[in-house]
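In the two complexes that follow, chain A is the common piece, with chain B as its partner first and chain C second.
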Partner chain A sequence: MHDSIIELQNVTKTFESNTVVKDVNMSIRAGEFVTLLGPSGSGKTTILRMIAGFEKPTAGRIAISGAEINDVPAHRRPVNTVFQQYALFPHLNVFDNIAFGLRVKKYPRNDIEKRVKAALAMVRMEPYIKAKVRKLSGGQQQRVAIARAIVNEPKVLLLDEPLGALDMKLRREMQLELKRIHRDVGITFIYVTHDQEEAMAMSDRVAVIHSGHLAQFAPPEEIYSQPSTPFVAGFIGETNLIEAIVNDGDTSHWRLSTESFSLTVSKRNHDIRPGERVTLSIRPESMRVVAHAQTQESRQPVVTGTLTERVFVGAMVKTFVRIGPETVLQCLETAVAAQGRRIGEEVALTWNCDHMVMFPT
Partner chain B sequence: MSTAELQRRPVRSDRRRLTSASRVVMLASVYAFLYIPIIILIVFSFNNSRLNATWMGFTTSWYGTLPDHPSMLNAAEISIAVTLGQTVISTVLGTMGGIALHRYKFPGKRVFVYFLYIPIVIPEVVLAVALLLFFNQVSFPLGVVAMMVGHTTFTIPFVVLVVRAAMSGFDNSLEEAARDLGATEWQTLWKVTIPIILPGIIVGALLSFSQSFDDFTTSFFVDGMGNDPLPVYIYGLMRHGVSPVVNALAAIILAVTLAFALLGERMQRVGKLTRR
Partner chain C sequence: MELRSHGDVSDVNQPRRSIMQHLKLHRANWMMWMLLIPVAGWMIVFFAFPQLLMLFISFMSQGEYGGIAYQFTLDNYIQMFSPVFLNVIWTSVEFSFIVTVLCLVVAYPFAYAIATASPRRRLFLLFLVIIPFWTSQLIRTFALMFLINTSGLLNTVLLQLHVITQPLNLLYTPFAVYLGQFYAMLPYMILPLYASIQSHLERPEFLEAAQDLGANPAKAFWTVTLPLTTSGIAVGSMLVFIPTLATFFIPLLMGGGKMEMVGNFIGNQFLSSDNWPFGASASVGVIAITLVLIALMFRFMKNAFLEES
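After this line comes the complex of A and B, so read on.
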């Protein structure tokens, strides 16, 4: 508990009658790189703005290093923000932008110069010290915005979709840069994005926000392999979601049936009751297409259907198989494995039930 | 293209030439209507004659004799004092109003904005009489300060509207960034908001200046005794006939007002170009 730098307890935010953040509890450790991930309008930016001090929680408590900061105004919080559109001061040059925070805090002149230069070195922008911010490219402005924030040595750096305005190549570059800066300065980063790949690539832990709720807060691998809700499963990576009902079982297995097939799962892994409705989540890459005739000897499920579409994604092939009037499953195979398959062909799909996640509906 | 079309073409271009000729005539008459009196005034301010009737040759002597009229210099001083004073008041208040109108939402805001336009559109003589009554009611002495206050009433709207327009292009996240970096609201206003909208504020101040400098009606009502600013002073001179000295003076006022208005217009353009 005492090593947590930011603590959110039952934080709720309501704008007029619209509740955008609902009862969020989070504890972020010092030095962690945490990403708030969610679709636009999920409330992730509002959480960030409450930590920064631009919005006040309607209910709940926010604490930094154990001290409640609900009533501390933004300019007295030990956090700094990198804004989505950088928000660099257009009337100041690069040096003056970065020095802004130190000047309002009345640092001595020499000290300011030393710190600004160190911050510029950190983001590798030393040659631009006197440049007008308007003349800089998007990526350079981004670096200045980061320097302007970290020069104040905040306890926590808040980043609000900082790479949103950059093109793909620059994004990738800046992701690595941000990781490096995070390692170098060692402060806590709270990063907001709607890009799940970015979140997975950069974070120590990812907080998935779904319509104001904290859906899951865990390391990327766990979020991927053990999503807590169908939403998380669908939002992080791609998945096949199938509605099923629990029928009965023998001593060791449950029998489940769906609209178009039935399957058995081990009782050991799943705590379910007969008659219960569940949602199955199967990742496309854990599915395999097998020849129609081939029958499965094991308890692995087999579903037959018609191959409706094949799409190349890099070295992989995404195969779509229609297994019922409303249900199309997707399967990700290597291009080699997918060779020779034709659209319209009857195929069978199979998967290992250990890689399947089940949610109560 | 068919032959029929080819034959029709010269007719069409003839008609176009006619149209453009008539346009030139129309435009010329509009501009003549607007500017001929002013041109005559300027021309006759260089006329080597006591009368404004016929051209008797070029001279700049009327401008030279301006300093010989101590009461005229006094009027000029009053004009400048009133104009500068009211420019400061209206710019400060108008800037505050413009920022507030942009930033805050409050019930009746729309009505509030309409009320800002009213001093611009109501007849100035009504405003002047109202001011005179008001000053009498509160026993406020007429004179330079009364004129400053009076002019401010109709120049503030210009500043508010221009500053509000400047604020509409202002990125609010800049203020959040300043607060985030540790600036108080006051520091944010002085170090971020005002420097960024400064071109707008200057335009507002210049508009305010030029509106005040050539004001006659309000000044005439509230200037009290012996505090005539230039426009009222000129009106006084006219009772003895329009002398070329008046022409020269009017030409100078025109030049000053125009200079400020043009400067304001230029600033506005620069402001637009430099904004993001």
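After this line comes the complex of A and C, so read on.
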């Protein structure tokens, strides 16, 4: 991996007796936009803080451009951070905040001014050059925090939930801004968030962190269509998870049974054994509601149940169908397709098994 | 009766409710004033009234045989510009300034150590700072005299260890006055500094941001920690500077009266020279200087206070 800028090898972090990062391996390429995605407390921020140098790994190795940096203090690492609460210096104005890093590195005075102005232009905050930071709005402080980091031209920009404190509309706006800035400056971004939509929208690759483990590290489309674990499937987008057991099979297909129905899957796609327990994941948009009559279509599974709820989500309708005492499946249909169905009605659900993911339990 | 529409009903209810609120509010106000009376009374009788009396006396003349002659004059204020008095004022301001700086330099690292200590250790260190408040300032000053006089503990130990052959003459020197005042004032500097440093360290992201931007720990201290603890420095400095400017018995006891501060000067006007009007004008002058210095400090520190909160 000669083109990797950041390399994590078997990185583990333990606080007292609590292991928050477990044996994480990652290789991040130069110029990539990588998101560390996970629920709060999953260890994603700790990984970021270890790269920044605020925490030291208990075990493992972190390297930047091939050189190990485990023992390099934060102030000598070629990375900069955009902090969650911005952490702008309250005693300095916008210009002095952005100039801080350059002054520490003893850049010539007129060079500092030129670079600070360029950074302010990058985040579109030129009019606020002399403003007091406490007079700025959250979104403006955010932009100054980004300028303060990128003005140092780091090899890697670390962003710790930078949009967490902003309202929804501003968040969407800043997401686009960040993508643009990433394109313009061309440096590697490592972005921490718990918002899966944000991760999907912004990243080249997403690293899903689940209780300290790296669950999956792949481009957003792959994470969505081929999740590696039921956790990933459930955390990224919505899905129906169904427990099943493998019964037997014929030459080309396996027969599986669940609490309330059975189905067959092609042997080609799934490496399973009779008697094995598995979890099936079917995305709501892969499911179709069909009339009882027209259900005998080749090998596609058919499940019957009672329509319990319908929820409008813009142009789509979410339909909830109870197929067993414990199991409610959801199906995402266009409003046109869902027209005329009533709550309490008996319906059948079907789906294409090619779009179904199976995990060993 | 027919006139009573829905509108009337609500109109009747509206003021009734607000009258109730009004009464409640007034009762709260009334209670607050009641609680303030003892303190306010004390302050009026024992602080405001004597100060006004001083102000009044400062415009009176000295009696032929001492005492006060009730004749208006500005002489006492003109006298304040005599070289003798200006010299005393200058000595006091310089002394207070040096003591404040000494306290600041010694207290800051100590306060920082308290703020970063483990909870157990922190409690112990704070305890050490507070112990002196258990004994009167006067007794502690006597204790200090006893420690440094020619036959005191310090000289005895140094002689026994053959570090010195002759006892050091420490007591009744300017050094002793500085030592005594510094020792008396140190806790007043440590406590506000500790509070300020503590709340600064509770938000580690500022220091982390400084490190992240390439500042080593020393640089981060000078560029971030120090400016963000300005309020502690300001409060501590005022708590040390103002009492030191008016210090009275420490120069008298530790310096043997050789170092005359404005506090001693004013005391002498009342006690030995029997010139109450000049003593009164001098104390009005000291209060004026103090107020000006506080005002300057506040103006200088205003932004720091706003930024830290």
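FYI, the second predicted complex is superposed on the first by the 361 of 361 C-alpha atoms of A that agree within 3 Å, B and C clash if a C-alpha of one lies under 4 Å from a C-alpha of the other, contacts with A are read in each partner's own complex, and residues count from 1 in each chain.
Rule of thumb we're sticking to: contacts are C-beta pairs under 8 Å (C-beta built on N, C-alpha and C of every residue); 3 or more make two chains touch, one makes a residue touch a chain.
From a predicted model like this one, the values you see are computed outputs, not experimental measurements.
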Open item on the list: Please determine, from the superposition on chain A, whether chain B and chain C clash or fit.
Closed with: clash
Open item on the list: Contacts for A:169 in the overlay, against chain B (first) and chain C (second): which applies, first, second, both or neither?
Closed with: neither
TODO: Based on the superposed arrangement, let me know which partner A:105 touches: chain B (first), chain C (second), both, or neither?
DONE: both
Open item on the list: With both complexes overlaid on chain A, does A:342 touch chain B (first), chain C (second), both or neither?
Closed with: neither
- [ ] Examine A:273 and indicate which partner it touches, taking first as chain B and second as chain C; both and neither are also allowed.
- [x] neither
Task: Shared chain A surface residues [contacts with chain B and with chain C] - done: 52-54, 73-76, 79-81, 83, 85, 87-91, 100-101, 104-105, 134, 148-149, 152
Task: chain C - residues contacting chain A, complex - done: 205-206, 208-216, 219-220, 223-224, 227-228, 230, 303-304, 306-308
Open item on the list: With touch defined as at the start, can you tell me which chain A residues reach chain C in the complex?
Closed with: 52-54, 73-76, 79-81, 83, 85, 87-91, 100-101, 104-105, 134, 148-149, 152
Open item on the list: Can you tell me which positions in chain B touch chain A when the two form their complex?
Closed with: 171, 173-174, 176-184, 187, 191-192, 195-196, 274-276
- [ ] Spell out the residues on chain A that touch chain B in their complex, using ranges where they run on.
- [x] 52-54, 73-76, 79-81, 83-85, 87-91, 100-101, 104-105, 134, 148-149, 152
